[in-house]
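Take a look at the structure set out below.
As written, the chain order gives the labels A, B and C, with residue 1 at the start of each chain.
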């Protein structure tokens, strides 16, 4: 009874196992061969980004495509330097530089601030965006910030690994209590429920959610003079020069203003 | 005693576990159709001795001649030998995922290569020989009593039509009532001249069914003889002491 | 001007369903890979000679000792540099999750195999079975069935751990939720719904595990162990 069942099942199991092994091998071999889409004649620029940073890059729920300021910009750049297509690869922010270093992507554009530490491992284009840090508070909390000094003594929420976090650590140090959150959304929640009384966060991001939360306001903008850059693999001078020429052209053209207006308002 | 009548000849078998010698030169024979019983103190090495015979344990030196062939030599296919030696364990060791009937059939199908019908046929015959109750054939070991399980184990060994069956304390794990039904089956087999080598504490069985009784002590066969002689008139001191300790012989109608 | 918005319900659900589909695909392929490798490793570890046993122990010990994220990164980023051939993200994730699971599955099967007990092995050998026959007819039929509850538990773990693949770009359920959250700034809503999706995938499995464990458990071996999520 059961033993007969098992010898038949054993044969079936063997076949299933063999089938699975074979299919997996076939898929792996086939898939490992093709990384880029498009016909062989097309030149494709593989772009790495982390689509959780609107308005620079985010997923458009309707179309399912990754869109945003950075995405439009890189497409314009790619066209100018002779690529037919752009392939967007989304991954977590921390994976972007490793992806660049190991050749998984050709460039990275992800609202990435040019920092000395990062410059040690990748090469950046000329800056294409200047960002500041916004200081966000709850309306009516009585907190008035008219200079960075006024932040002293406060409990400040920041997003881990961002330049905002770095600024607070370096410039304010022990004079404040700093709380780090893995995403801006988590930091936002902390502000809303009072765990922190101030947020220091990238101003584009702040501008974006301030409309949704009427109880919050931007009290001050810290001029941190951060610059976003497009990153390429260290030493890839050829691509870098092409990108820089393209950027210069675009930023001096009317297309630029159109792009800025599209995502940041006129 | 002609060689050709011996199913099993053991010569000077030795076995050490680490520094501890367990078998120190065991020698004896088992003739075809004989029922030979080994008695002796617990833990002395009787189980080891049986396990050497089908090489579940590898002895250190000596000879084990099974139907004329020394099975300790390198060229021997031990699996084929094992298929001709039956083994009944103290703890039954039935295959828990198979019914009683399937337990008996499995060896016939996998090792003898019989098809299902032939295997079923022989299996049923073997189960009948151990008087297994009809409703037990399709039950799993967990649903059977200890006595039933051991009888199935005997049938499993019998079905392979071995040239000798080894029994390692087959009733020690059973309470007296269940032990009785197993001993009955074994007595039956002895009557039918199945060649058996039995390690046991059941003196009654030795008296009724054995052709010869061996007293195993201190790593060797200390004394041997026909049942009534050895059990009622042991020659050696150690044999006497052992028998005194394990049984009151008057229970068995002694003098 | 793009500002924090709301996403229409049907679109959000659609995105999450796509993510769930990816989660399931990843988990099924990974658990199967884990099985294909894990069972032989378990056999090697139990029945192999010294060398095989050593290899098996090193294999499963290492993979159980490294965090899954590290495994993903090594396969996705380092492997191309060391070995010269790389895998696309999806297959890197399958391989990473699969080999980690194989390490845990090998322990599950090893337990099952050891639970079969030396006595039945002696009986099988005494009948004249070879090792392979013993494994095939006596050990595996019992070991596999006893392993079912623990194995289903492992599948549930694999299913949940697929979310870690978002680090290398796999758009599974949690990543889809993250997209929605970053657009709408409504974490409770979307992570909450994603959590419900996970539950919806896991709870039927838990029930199934109990059911199968009871139905196929070998009588007299203590029944199915409780499956803990």
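Everything that follows uses one rule, which is that a contact is a pair of C-beta atoms (placed from the backbone, for glycine too) under 8 Å apart; a residue touches a chain by one contact, two chains touch by 3 or more.
Treat the numbers as computed from the prediction; the structure is a model and nothing was measured.
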Most centrally placed chain, judged by C-alpha centres: C
Farthest-lying chain, centroid of Cα atoms versus that of chain B: A
Euclidean distance of C-alpha centroids - chain B vs chain C, Å: 47
Centre distance in Å when chain A and chain C are each reduced to the mean of their C-alpha atoms: 30
Rounded Å distance between chain A and chain B, as computed from the means of their C-alpha atoms: 76
Shared-contact residues (touching 2 or more other chains) in chain A: 2-3, 6
Shared interface positions of chain B, touching two or more other chains: 97, 106
Overlap residues in chain C, where contacts from two or more other chains coincide: 137, 141
Chain B contact footprint on chain C (complex, rising order): 119-120, 122-130, 133, 137-138, 141-142, 145, 218-221
Parts of chain A lying in touch with chain C, wherever the complex brings them together: 2-3, 6, 10, 17, 20-21, 24, 27-28, 31-32, 35, 51-55, 58-59, 61-62, 64, 68, 89-92, 94-95, 98-99, 101-104, 183-186, 188-189, 207-213, 263-265
Sites on chain C touched by chain A in the complex: 1-5, 7-8, 11-12, 15, 18, 29, 32-33, 36, 73, 76-78, 80-81, 85-91, 94-95, 136-137, 141, 166-169, 171, 175, 178-185, 187
Complex contacts: residues of chain B adjacent to chain C: 54, 56, 79-87, 89, 91-97, 106-107, 110-111, 140-143, 153, 156, 160
